[in-house]
Every structure is written in C-alpha cells, then in structure tokens.
Amino acid sequence: MDPSFLLVQSLSGLASASSLFVIASGLTLVFGVTRIVNFAHGSFYMLGAYVAVTVVPWLLEIDRSPWLFFAGVLISAAVVGLLGVAMELLLLRRIYKVPELFQLLATFGVVLMVQDAVLKIWGPVDIPGPRAPGLRHGVEIFGQRFPAYELFLIVVGPAVLGLLWLLMHRTRFGVLIRAATRDREMVGALGVNQALLFTGTLFLGAFLAGLGGALQIPRVSASAQMDLSIITEVFVVTVIGGMGSVTGAFLAAVLIGQLQAFGVLVFPKITLVLVFLLMAVVLVIKPWGLLGRPEPAAGRAALPEGILSPRGFGGAERALLGVAVASLLALPLFGDAYAVKVATEVLVFALAAFSLNFLVGNGGIVSFGHAAYFGLGAYAAGLLVTKGGLPMEPALLAAPLAGGLFAALFGFFVVRLSGIYLAMLTLAFAQIAYAVCFQWVEFTGGDNGVVGVWPSAWASSRHVYFYLVAACALGAILALRHVIYAPFGATLRAARDSEPRADAIGIDVRTHRWLAFTLAGVAAGLAGGLYAFSKGSIDPTMLGIPMSVDFLAMILLGGIQTVMGAVVGAAAFHAIKDVFMPLTDYWRFLLGASIIALVLIFPRGLGGAWGALRART
Amino acid sequence: MTLLAAEALNKRFGGVVAARDVAFALSAGEMLAIIGPNGAGKSTTFNMVGGQLRPDSGRVLLGGEDITGLPPREVCRMGVGRTFQVAQTFLSMSVIENVQMALIAHAGRTRDMLAPTSRLFRQDALALLARVGMEAAADRPIGELAYGDVKTVELAIALAAAPRLLLMDEPTAGMAPRERARLMQLTAGIAREEGIGVLFTEHDMDAVFAHADRILVLVRGEIIAAGTPEQVRDDPEVQRVYLGTTGVRAALRARRAHG
Amino acid sequence: MAEAVLDVAGLKAGYGPAEVLFGVTLALRRGEVAALMGRNGAGKSTTLKAIMGLLPPRGGKVRFAGTDITGLPPFRIARLGLGYVPEERRIFTDLTVFENLEVGRRPPRAGRDAWTPERLFAVFPNLAEMRGRRAAAMSGGEQQMLTIARTLMGNPDAVLLDEPSEGLAPVIVEQMAEAVLRMKAEGISVLLSEQNLDFAAAVADRAYVIERGEIRYEGTMEALEADEHVREAYLTV
C-alpha cells in the first residue's frame, strides 16, 4: 500500500483521537474526583457545538480573524463550564452518596432534558458552523491533500494534555484535584472544602466537553444526536484508559483513533466491533483499564438496593393480581383496537422490565444496556421472517435464543467486572449492537429498519396476537418469578449481599451471575420478538440507549426492591407515556425531570409505597 | 493427628515481607490462636490458608491434601468454614435464610431453579441455630440483630458446611465486652465436642488466653514464639514486642536531647 | 492545671453494625503531649477518627478550643486548628513531597509563625533532599515524617497523631520522638495513640489507657510506667 496514503490515514486517526481525548479528559477528571460517571458529559459536548455555532458566526461578523474564531470557541467552552457548575450545585451535590444506578439515571435525566432544551432553542434542523479563518485550505503531504484544520486538531490534543499537566502540577487547584483523586477523605481532613473542589472540577470537566464540541463545528454540523453518539465513544476511551487517568485517556484515544483509521481499510463494516474487541481484551487483562487503579473495596455492611427477602403474595395481593389479570384478559372483549395495542405493549415491556430487575434488583448486576438483548431478539425474529422467509413460530423461538446467545457472549466479559465498570461495559456492548444494526444497511435496513414483520395468519388479528403475547409474557414472568424464589434466585441475592460470604460458603459467584445474565437475555429476547410482531417492523431504536433507560425507569418507578414492582412500573410508565406524550412537545424533558425527581424524592418507587402501605395496616 | 499443616509459607507484597517461612500444624479439636501487632502478617497467613491469597512459596495441607492456592469456594468444599473480621452475612435475608443458603450451597443446589427456597433444609438450619443458641431469632431479618448475635449466626453459617476446620478472623472484634466471652466459649465447646480444628486471630487477650490451646506470635511476617498460653506469656521476646521495647534507647536519647 | 484545648466526653462510635467506642472521655490540655495507650483493636484509632469527624460520632460530645465540633465535617474541624496525622500514612503517592505539603497548606494563625516548606525542611532534613520526588518512592519512615509535616502546614493548635511509631525502624522512631517534642516546643498540643510504651514514655506527659472502647486508666506517664498492674492488664499479653 502507498506509504503516503497510510500516513494520511494515520493523521486523520490522530485528528479524531485528539478530539476524543479533549472530551474524554473532562469525563475522566470528573469521575476521578466525584466518582460519578456523568452521562450528561455528551450533552455538554453537544451544547459546546450549539453555543459555538451561535457565538462564533456572530464574532466573525465583526472581523473574519482566526483570533476571534478561537475566542468564540473558548467563550463557548466557558459557557458550558458554567452549565457544569449549575449541574453540580443543583443535582450532583445531592447524589454523591446514592447507589451508582441512581447516579447514572439522574445524569441521564439531564441528557433528556438538554435534548429537548436544545430542540426548543435551536430547532430541529442541523446547524452547520463556519470554517475556521486561516485554516480552510488543504496541506500537501507526500502528494496527498490533508485539511489544515485536521492538522490543527492533531495539535490540540497534545496541547490540551500539556495544559492539563501544567494545571494539575503547577496550580493549587490542580494539586488538590490530584490529591482528591487518590484520597478524598484525607484531603478533607487537611482542611480542604470538598464542595468547592467538586464544583471547580465540574467546571473544568464541562469546559473540556464544551471545548471538544466547539472545536468540531468546522467539521460537523451541530445536531441533536451528537450527545449520545459521542458519549459511548468517550465511555470506551475512559474505560480503556482507566477511569480517572488523563494520560490513560490520551493513550486510549490515540489507540482507538488509529484502530478506527486502519480498521476501516480492512473491515470497513465492523470498526466498532474492533473497538469493542480492544475494550474487552483490555478489561480482561487489566480490569481497571490501562492506567486505572482498582476501586477501594467498599467493605461496608449496608442493606443492598434491590429485592429483599421476597414474600409470597398476601391475600390482598392475590385478589389484586386476579382482578388485574382478569381485566387484562377481558380487555379485547370491550376495549377498542387502540386499547388492545397498548395492552400488548404493556405486556411486552413488563416482561423486558421484569427480566432487567431480575438482574438489577435480584442480582445487583446493574445493566445499562438491557435493550441490546430485547433488540437483538426483535432483529432475530424480524430478519428471519423477512429475509429468511420463515413463519412466525420458529422466529419467535429464535428471539429468546438470540437474546440468550448474545447475553451469554457479552455476559462472559460483563460478570468479570463490578460496579461502575460493569454498568459501562453493558452500555458499550449495547451501543455496539446498536451500531451494527444501524450501519449494516444491506442486512438490517440501517436507520429505517425492516418492515413487514407480521404474525402468521392464525395470529394476525390484534386480539389473537394479544392473547399470544399475554400467554408468552405472563408465562415468562411467572417462570422468572419462580426462579427468584428458588435457590438460584436466592444465590444471586446472596452474592449481591456479600461476595466474600458467598465465596466462603462455596458459591462460584461469577458462573451464577453469568447464568443469570444469560437467562435475563433469553427473557428480554422473547419480549423483543413479541414486540417486533406487534409493531410489524424492527428498527435500531429498539436497542438504543433511550430504550435501555426506559426499562430502567420502569423498574425504578415500580421499585427495584420488590419482585412484582417491575410489572407495575412498566404498566404505569407506558400508561403515563401514552397519555402525556401526545400532549406535550417536550416529552423527553418531562421524562428526564421525572427520572431525576424519582431518584431524589421517590427512590423506592410504587412497589416501595405499596410495601409501606401494607406495613402500616 | 494433624488436620491442618502450613509448610514454609512465604508471601511478599512489593518489597514488603508479609510472611516468611511461616509453618505450623493444627490438630482436630484444637484451638490455635495467631497474635501479633498490626501488620505482623496475621491476615496474610490467614488468607493463605483460606484461599484469598496464594503464597509465593510453601504449601497448605488439609488432612494431608494439598489445598495451596485453591480459591475460597474450593477450600470451603474441602471442609473449611470461615468467619470474617467484619461479619459477612446476607443482609437482605432472615437469620434462618442465611443458614439455609449455606446449606443449599453445601448441598450443591445453588442452580436449582425449581424448588421453593424457603422450605429447603429448614429443619437442618434450625438445628444449627439451636446449636449456637439463636433459634429464637430464626425468622428475624439478620440486619435487626445486635452485632454480637450477627457474629454468632455467622458461626452457624460457617458450621453449615460441616467443616473440619474453622477459620475465624478476629471473632470478637466489634462486639460488646460481655458478648465476647459467650461467643468464645460457644466456639470452644463446639470445636472440642465435634473435633473441629479452629484457627483464629484475635486482639482480645482475654479471649486468646482463656480459650486457645496453643498460640503463635507473629512479628513482621515471622513466627517469633509458639506454645501453650503459659509458655507464650512467659516468653521475654513476646513481652518485648508487645511493650515495644525495641525503640527504647533511641527514644530515651531523643528525650535527653530535648530535656 | 492548664485548660483543656480538646475535651471529649462520652464519645461513642463504630463501623456499620460493629460498635467500637462505648463512651470515651478524655481531655488534652494546652501545650501537653498526651498518649492514648492500648492494644490493637482497643479503639485508639477509632477515637481519633471520631474526634476528627472522619467517623460520625454516635453519642457524646467533642469540644475543641471552646467550640462544639461534634459531627462537624472534617474540613471544618481542620480549619478550626485541629490537625490529624493518620495511621496508615495516607500520603498522596502520586504527588511530590512539595505537593503533599501544598495540599496541607492553610493560612497562618494570628500570633504564630506560619509553617512553610522551608521551616519544615529544617525540622525534617530528609524531606528537603527529596522535595521534588514522588511520595510513592519514599521509605515508610520518610512517608511518616511527610504526613506530620503535611499536617503542620495547616498551622494547627493541636494535633491528633495516630500510632506514630508503628512499623518504623528504631532510628526513625527516634526522629519521630524528636518531631513530637519539637511540636510541643512550638506550643502545639498533641494527642497520640500508641502501643509502644517506651515511645510514649519518651514524649508524653500524661497517658490514658483504652481497652474495649472505654478509658480504663488516666494518669501521668511516670505513674503509668510505675504501675505494673495496669501495664500487665491492658498493654501486655
């Protein structure tokens, strides 16, 4: 191959590595000090781009000078930094001590709110930014033309690394950040007010994300999808580099940049799979990333956030359940087609949410990418019917198999980790599955998905299909519920409560968690398959982050401490969504705010409220 | 007859020697205490026997079988029960469910997805709780119990695997003074009646001298004394270590220098 | 009798369900060095942590320089002038010696010379030679000196010193004793926890003996040295 081509390819890899590093450095700094993985970091990046496409053209009106361009970029970054401060003061400060799941969900609530805020302020159309004055030309490198702005970006990464190094080593603020990353408590005992330090760190972190976004405007238009597309990449970079390590993030960004630049030549369709393979290999060899350090073991004896001793149904609950199931099954007799459709969806989501709470509530395995198994089940069923020409029945069997197979594959790596690393790995796997479905246009239909996923003739009426879904979903839920009450379920709770104790009584914790992950994948896959036939189509949103978060919101709303909470939560969530979504243009804003409110004031959900009510009477 | 034998165990962390040629033997029904200052290598030794740490060299033999470097769950299946310095129990469960869980694990039924857990081994669990005097609390959530009672239940959990050897890391740490004697008496009684060997570390000297048959004194990773409580008590080297006479001259010179 | 700069009454604390302190009462007088003696696990470190606010007190009162500091966050307590030197050293290993001192720096207090790195290097000459070195590369004894110097950078009126002689070679123990006496000469009151009787005897004016989370003995250091009964009961095996 032509060496000059390889060089240019490598340079473009460096340019994207540079941008990735600038953003990832902010996330990793914030995590190092606050121990919170900030989902909204991607939103800060997006806001940086939007503020820049607003501010920079305005400045360039005054004079088309490179200096004003970069002044505009810095102003945008500073504005975003201030938004980071606001987020710390209003939200993060209240959730430093809550479980990781709640932290992730609350910051994701901010993501949703920002998405709608951006749509409201800047509208739905992508906004192209101005090119940078003085850097609009191309540079000749061994006979290949290379954009000057890309060359400039290559310099930005090391420059930011250098400036961060100076900040970290030559200022009191930086020294305190480094000290706090190692031992927060000791920093406090030496008289440092951590609250101020955290606020300052959030400014810095958000500033860097905003800077990364603002620097992108000559390359890409500001769009409302920037946040989620970047956050996964940034998560992968920080996980590979080691959470909290700026230098590690730099190394990882360069590694991924090169891998993508050259991977695209060899395997143009699966560069993301390469990135995932790199991440999996790194995490298996070094579970805390290239330059990360093990999290100090918590070692505290606290009641877990999850299902406690599961009780059987009481008399009142039996009656309620009977009425609920009976009225559900009677629905097609008096409800209209729309009601039947909604009820079908509620059943599907109830199964998906129940399988997620089997992991989260019962096993303490906080999966942030459960939609992957739901979606893969849907795709397996949908593709078999449309491309494979199979009828519905075998396709519906394939759905749980696909969900289980992928859950077994991904779970093999996932159960080797714990806490926040585990959550991020599940998320990364889900995003990879999403990206494959999104990019592999010939096979999966890409963004549009595939239509024509219809049930067999005998089940084609809405009513019959509803009863089919009801049988499958209720059967699977009852089966999973039975497992929760069986020794396997108790073993998962035991390992969640105390891993050392489980180990000491002879339990192979990892293998049990792997089985649980696979089992949950089977159930989610079945739900996905049922969903595909009820919608008649498949598309990538079925395995996107928002779908995973919907599932999490359902179990949170239902209460992760209770066995049946997930079902109630799914029903309530879907009903609320159904009622409110048509009424407002700002559904995501409302949803984000509700998730934050749930985390802050109602963390036990409806199931917790019911339990409290029962305890009182 | 020898139940547990540690042969020339060595362990280093970086440049620090945590255990140097640690060797001892423990018979069935015997209570062997390991004492020593903080950082002497007690936990290291303990964890090498329990499988939490793999020794750099040396062997651990249980009933003549080599168990060196086996993970804790395997060590458990070989007949070793263990309690922790900070009690480790399943906080979401009731007292009896904790014991039932250990019995289910012992019976190899943790992957059973059919049987109702609450009815499995309930009678056996009640008998174990009765053995440690906790049957009255069987159906209470374990999180509601006083800490001394939690540690007692932990003993019942450890006994569920019908162990030949009990490893107890600071069994009385964190307990109120009057609860300590009760737990140690209980342990000693069970050990002697059932011929279970007990290896324990302990800071509470009353507990050690009242109940240990033999004592090992570890300092900086080495055994400096071993013997019956009387022998250890009279050992001048042990006295020196515990009263920290090592720095005496240096310290006195420092004092003179400052008047 | 000098007034008490630190007054602890009926202090209770523990970790999770484990109870460690069952009502500790002691006082540190202005300008003195007091030793809190006891075996491993007796509650020495827990007492110091609970005073410093690193472990939330579950009962009792702590007053420092006339202010009730019970339950205050550690940074407030440190800013009032109570320094803390932890047992496990807890040096910021990624930071240089100089940077470690920087973390501890607080504004000077009225009527007293502020500690500066240069003044501290005069007291701890070893540290001066390695000011630019990463703390991870220091020996245990040097790290112990650094923790004390780091705390002094906060210009404290009193210092809680947790197990200063533990795990140190005799020659370092000697330097440690000198450092404690130097603090006393500077007018800093010191409460240290200690198992090593000789070390305590070399530096302390008074002693408390703690056993199973309660104070069992209080007296001058000389009286404790002379009291074979107390020593045997609480300090030896």
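Chains here go by letter, A, B and C, matching the order in which they are written, and residues are numbered from 1 within each.
One rule holds in what follows: a residue touches a chain if its C-beta (ideal position, glycine included) is under 8 Å from a C-beta of that chain, and two chains touch if they have at least 3 such contacts.
Because the structure is a prediction, the values reported are computed rather than measured.
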Practice prompt. List every chain that touches both subunit A and subunit C.
Written response: B
Item to complete: Could you name the chain whose Cα mean is nearest to the mean of all protein Cα atoms here?
Response: A
Worksheet item: Looking at C-alpha means, what's the farthest chain from subunit A?
Response: C
Practice prompt. Give, as an integer number of Å, the spacing between the C-alpha centres of subunit C and subunit A.
Written response: 46
Practice prompt. Let me have the rounded angstrom distance from the C-alpha centre of subunit B over to the C-alpha centre of subunit C, please.
Written response: 31
Worksheet item: Where the CA atoms of subunit A average out and where those of subunit B average out, how many Å apart are those spots?
Response: 43
Fill in: Junction residues of subunit B, two or more chains touched
86-87, 143
Discussion item. Multi-chain contacts only, two chains or more: what residues does subunit A have there?
Written reply: 301-302
Worksheet entry | Per-residue overlap in subunit C, given as positions that touch at least 2 other chains | 15-17
Fill in: Partner subunit B, residues of subunit A touching it in the complex
299, 301-304, 306-309, 482-483, 485-491, 493-494, 496-498, 500-509, 512, 515
Worksheet item: Mind pulling up the subunit B residues that touch subunit A in the complex?
Response: 50, 71-74, 76-77, 81-82, 84, 86-94, 97, 101-102, 104-106, 109-118, 120, 141, 143, 157-158, 160-161
Worksheet, complete the sentence: subunit A residues touching subunit C in their complex are 169, 172, 175-176, 178-179, 181-183, 185-194, 300-302
Discussion item. With touch defined as at the start, can you tell me which subunit C residues reach subunit A in the complex?
Written reply: 15-17, 52, 54, 73-75, 78-79, 84, 86, 90, 92-95, 99-100, 102-106, 150-151, 154
Discussion item. Under the definition above, what is the set of subunit C residues touching subunit B in their complex?
Written reply: 14-20, 22, 39-42, 163, 165-168, 170-171, 173-175, 177-178, 181-182, 185, 195-199, 201-203, 212, 231, 235-237
